[in-house]
Amino acid sequence: MSKPKVGFFGLTSCAGDQLMVLNCEDELLKIAGEFEICEFTMAISGHYDGNLDVAFVEGIVAHEKDLKTLEDVRKRSKILVAFGTCAAYGGLPSMEGKFDFNASLKKVYGEETDFLKKLGTRRASPIDRFVKVDFVLPGCPVERDEFLITLASLRKGTLPEFFRRPLCCECKEKENVCLITEEGEVCCGPLTNSGCGARCPSLGSPCAGCRGPLEEIHFDAKAKVYETMGMPLEKVVEKMKNFSAPAWVVSGMEGK
Amino acid sequence: MLVRSAPPEILETLFSRLSGTGKVYGPVRQGKAVRFLPLSSISDAELSYQRTVLPPKKFFLPPGETLLTFAGRGEWRVPDEEDERIVLFGLHPCDLHGIEILTVFMSDAVPDSPFLRRREKAFIVGLSCLPDDKCFCRSMGCQTSEKGFDIFITLLGDRVLLRAGSPEGYRLLRMLDGEAREPSREDRERLLNFHRLRNESFTLSLDITDLPEVLDLEEESQVWEELGNRCFTCGNCSIVCPTCSCFNVVDIPSFASGETKRVRTWDSCLFRSYALVAGGHNFREKRAQRVKNRYYHKQKGFVEGFGKPSCVGCGRCISSCPAGIDVVSVFKRLTEAYAK
Amino acid sequence: MTRISDNPYVPRKAVLLSRKELSPTCTLYRFRGEGRGPFSFTPGQFLLLTVPGVGEAPFSISSAPSEDGTFEFCIKRVGRVTDHLHRSAREGDVFGIRGPYGRGFPVEEMKGKDVLFIAGGIGYAPLRSVLLHLLKERESVGQISFLYGVNTPVELIFRDEVREQAEAGTVHYWISLMEGDLDDFPAPWSRGLVTDFIPRVPADPENAIALLVGPPVMYRTAVEKLFEKGFREENIFLSLERRMECGIGKCGHCAIGYRYTCVHGPVFPYFEAITLTEAI
Amino acid sequence: MGKMTIGHLARVEGHGGITVHIDGEKVTRVDMDVYEGSRLYEALLVGKRYSEVASITSRVCGICSAGHALCATFAVEDAFGVPVPPTAKILRDLLIHGENIESHALHFFFLALPDFFGKKSVLHLQGDAPELVSAGVSLKKLGNRIQEIVGGRPVHPVNLCPGGLVSPPSPGELRELLSQMENHLDNVDLITSEVEKVKVPELLSREATFVALTSDEPDYPFTGEKIKTSAGEEYPLGEFRRICHERVVRHSTAKQSLYSGKPFMVGALARIVINGEKLGGKAREVRERLLPPDPSRTPLHNNNAQFVELVHSLEESARLIRVLLDSDTSEVRSGDVIPREGSGIGALEVPRGTLYHYYEFDGEGKVRDAEIITPTAQNLANIESDLTICAENAPLENRLEVVRRLEMVARAYDPCISCSVHIIRKEERGERSG
């Protein structure tokens, strides 16, 4: 089998997920040996126009240039991976703040925002709004282990299988007492994709939802919970929206 | 005689004997959580704990257990077994019942040998307890244990009763003869008082006599719909349940070694993916169906298959449900209509 | 305490002998199991097939029991494991198998009776095992009727076998299609649902057994029509498909009530099936 | 009027390019183009609770995420007067050093070093400089490990909270770190000799102004109560806007910072120019070996300045861990935080220079206004002026050489474009290849 051709692409982002690739210090040379890294501007000079087996795309679409890159990469790639929570669910930049997009542009740039319009600056969006996504690797940033498992699977010619449970399962497997029932904190665990090993609740702070919503919650977000005993769902959703507002808009939970 | 009475100091002797035979685990308090963790001395253990976050099933059905490792093409092997025996110290009766239920289930039809091998290797020391507001083991007939332990310890203030439940436990008790003696009349009275106090301390109870029949008739009850709307389906209740043993199996390749591990991970029938099959058909698409399934399986299905419910009343699912759902009030609502 | 037998999670080896494309999505794989004595099974039983390093999935055995340790699977491409099989499996490759597991079809009970097969789509695969088994001693049973429904003509798998059997007159086929035509085929066919044929099939309901494998929706209509025809609950058998992770009644996924499809099924007499909540 | 463009700067964080404007034979101006999309963090923050500010702003940048999270936390603590237990202060310092080690190792070995060997990336460098590559990889790993143990994750820490840390690392974890640090320190002389062999090219020489935080304490500071310039002026933190006076440049809407109307430089080199006398131990020796007595004339010295700081951070974090191991580290969080109306400033020397966070809160602790000034935003004007000088001295007929030189200069600043563009955007001009 020839080496799979891969590319790492950053749209508008914090580059944290691309950094996680470089953070695989022990495996870096092996990665370069087993894959042909065709493009990775953050770490390697040069640009590549050819076809790819796999493209890892980080970040959100925040202006026309992002969109052009995304569409171009999609055309050239067999498998397109939404790399990180921003690409997959919108992430923090597409957070639903109490703000009006145009007013915010004015606040930051002053009155002359015409040039932004000319550039096609747009409200930040996850990439599945524009192109087909073959696989989602969530996380803000992605977990190093999951990234390496993904590479190992790709090397075998398949996509990996991650068993996505609610984060609570990992929290309980770490034997934490529940922060909702014991501390009355707003924890996103019940609605969030597992895979981080419950980093936050294991330290003692509630999950912020950085790995995005579970598939089911996406489509079936009508669960209501006892307000007296537990946590009203709306409060949790409001917090979830920091990292995945666009996903909630689709599921009909916006404005709640 | 299978029962001995001794002063509390005997626990230290017992502990040092046990630690000579294997690694000892017991209840350890860490902040608000109590967990079964390795003990280096008896003073590490919290003997008056209520409930651990995870039940002792984690020792026999570890979360994320590697079943197989695939090396090259067409080569695979079972992971090496840990030879060391383990001693589980301080398990409450509900947890002893939980282990028994799992053992019966895992032995049925095709036995689950990884589970059973670990179970066979464990030496179990039970410990008496008093209920809190989430315990309803008495309603499930699990407030005392007749089997499933090697030694059972009942704490009676300045005396301790030790009871043997296996030949090995019996041999160990005999070795302690220097410090222990036959229970006295006073010991018996204390035990009686303890039982009385325990039985009076339950604030939660549930009459399960007619439950399977009631469940047969209440499949369409509004209760399930309401629960479905309230439940996060986060799976907490299944993960912490001493008798929930469902698992999912995934093959996880390692980039560094090139090997692939076949891992079983704790699963829950509350998850949408649980009954999803190829072609996208889901046998329990709705939350309400899934919530109902969990209750039916425990209180009806298991009764039909194994003669008793697979709930021991430990209260863990009540204490860890972020939506504040509790089994007892669910069943009360269902049975109330019939009680009147 | 129970005696602990060998670790049931360890597959034994099976070598792929050949593969043959049956339709754009289905392929027939022929394997030989290695080691651990003879390989016997009842039609309707299944095996768990491991693609090393990729995953494991349950498949019904599609061939008749034989002495030589070989067996066949007819596999539809739907996800990771099946995808990998379709793309990468080559003759001589080593796979893992566990089983055979579960309860198969009551082949002994069929002796001297008419047998009515009803298959929807890939449901033909497990029924083929029963059929080929019965055809080995054709005289042991009465009339064999086979109602076989697919969506489009290309999905008609084992077409050559079906044609041969139909031409020889050993099996009476009725084929239904949702769309398309079957030109020049030696068996009656029509557009519509496979269950539409049931009233027309010549079978003596007093002395017949009906075997059903197909999607859940098919079962409901089929059973109703069989009743109308006079079939009794105890003579209708169907195979239930559930998600399975272990095959031995432990993982819980296939449980319906207290029954585990992998242990107590996948083949259930109709009466047992209706007592299982959500079964069909 | 001609123009030479570098479409997409490789081996820097974020999306940026360079445009050289040429009139006949003469370079008229060089622009550092930034075409990262806007993420409007300052606007997003409005209405968010104080407890969320750190985890939100850490996402401004993946590489200095710990710095943003800490700086935001400082600002919250400043606004509400939250005390921080001494152990938490030490642990936070350790986190700063962890980030410094990781980020400097990333830039020095992975991003900048390939230039000096004419290679595309660190992966292509293995044959030329195996010792440097392996030292870089393992130092970077150590930096990440420190951030993971103290911050809970190598990128975007989860263990910080106003009033301290959520949970202390275990002594076992600290010991693990210490032994790794000691191994690296044993190796420093050897690696320094390798670094010494890499010659710093003379691409430009100029005078520049440097700015860094400083403090009256004797230690080499990453936090401090004053802002100091290389001209000797000092300002209290509250006057950060006098330094970072942002203006809109005519050719671009990117906001650039000027001090007294002139560009200035922040970062490792600036810190060494201003506080270098405070370096001690091995770092002092390494500084003497790798940097001229006055390293201020070219930004290319910033690379070696980073290496010097890397050594300093190694020594310091080993010292801090020894202190932690000798004391009771259980108390890492002060009591409840009581929000009140008001404002707070956080200032911190992150790997690329001084970072400022400023927030105004309402009575419930919700953000009313926010301002974040990142090091790269401060450096942009200086980068452009250095690029101009560099281009003026470059052989314009040799495009490859010009590009190589300009990239080296820009890269020496270790620009973090995502950071700079959480707010700014520069107009895209003309055709661009990348």
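By letter and in written order, the chains are A, B, C and D; residue numbering begins at 1 in each of them.
Basically, a residue touches a chain if its C-beta (ideal position, glycine included) is under 8 Å from a C-beta of that chain, and two chains touch if they have at least 3 such contacts.
Note that the structure is a prediction, hence the values are computed from the model and not measured.
Contact count check for A-D and A-B (C-beta pairs in contact): higher for A-D. Chain B and chain D have CA centres that are 52 Å apart. One finds 25 Å separating the Cα centroids of chain A and chain D.
Taking each chain's centre as the average of its CA atoms, chain A and chain B sit 37 Å apart.
Centroid to centroid, with C-alpha atoms defining each point, chain C and chain D lie 65 Å apart. Touching of two or more other chains is recorded for residues 26, 156, 161, 204 of chain A. Looking at chain B, one finds that residues 248, 250-251, 253, 260, 267 touch two or more other chains.
Interchain contacts (touch definition given at top) occur between A-B, A-C, A-D, B-C. On chain C, the positions that touch chain B within their shared complex are 1-11, 13, 50, 52-56, 76, 78-79, 93-96, 101, 215-216, 241-243, 245-246, 248-253, 255, 257-260, 263, 277-278.
Residues of chain B touching chain A in their complex: 31-33, 35, 52-54, 63-64, 229-236, 239-240, 248, 250-256, 258, 260, 265-268, 271-273, 287, 319-325.
Remark: chain C residues 53-55, 80, 83-84, 87-88 touch chain A in the complex.
By the touch rule above, chain A contacts chain C in their complex via residues 156-159, 161.
Here chain B touches chain C in the complex through residues 67-68, 70, 73-76, 78, 103, 105-114, 116-117, 119-120, 219, 245-251, 253, 260, 262, 264, 267, 269, 274-279, 281, 283-284, 289, 293, 296-297, 300-306, going by the rule given at the top.
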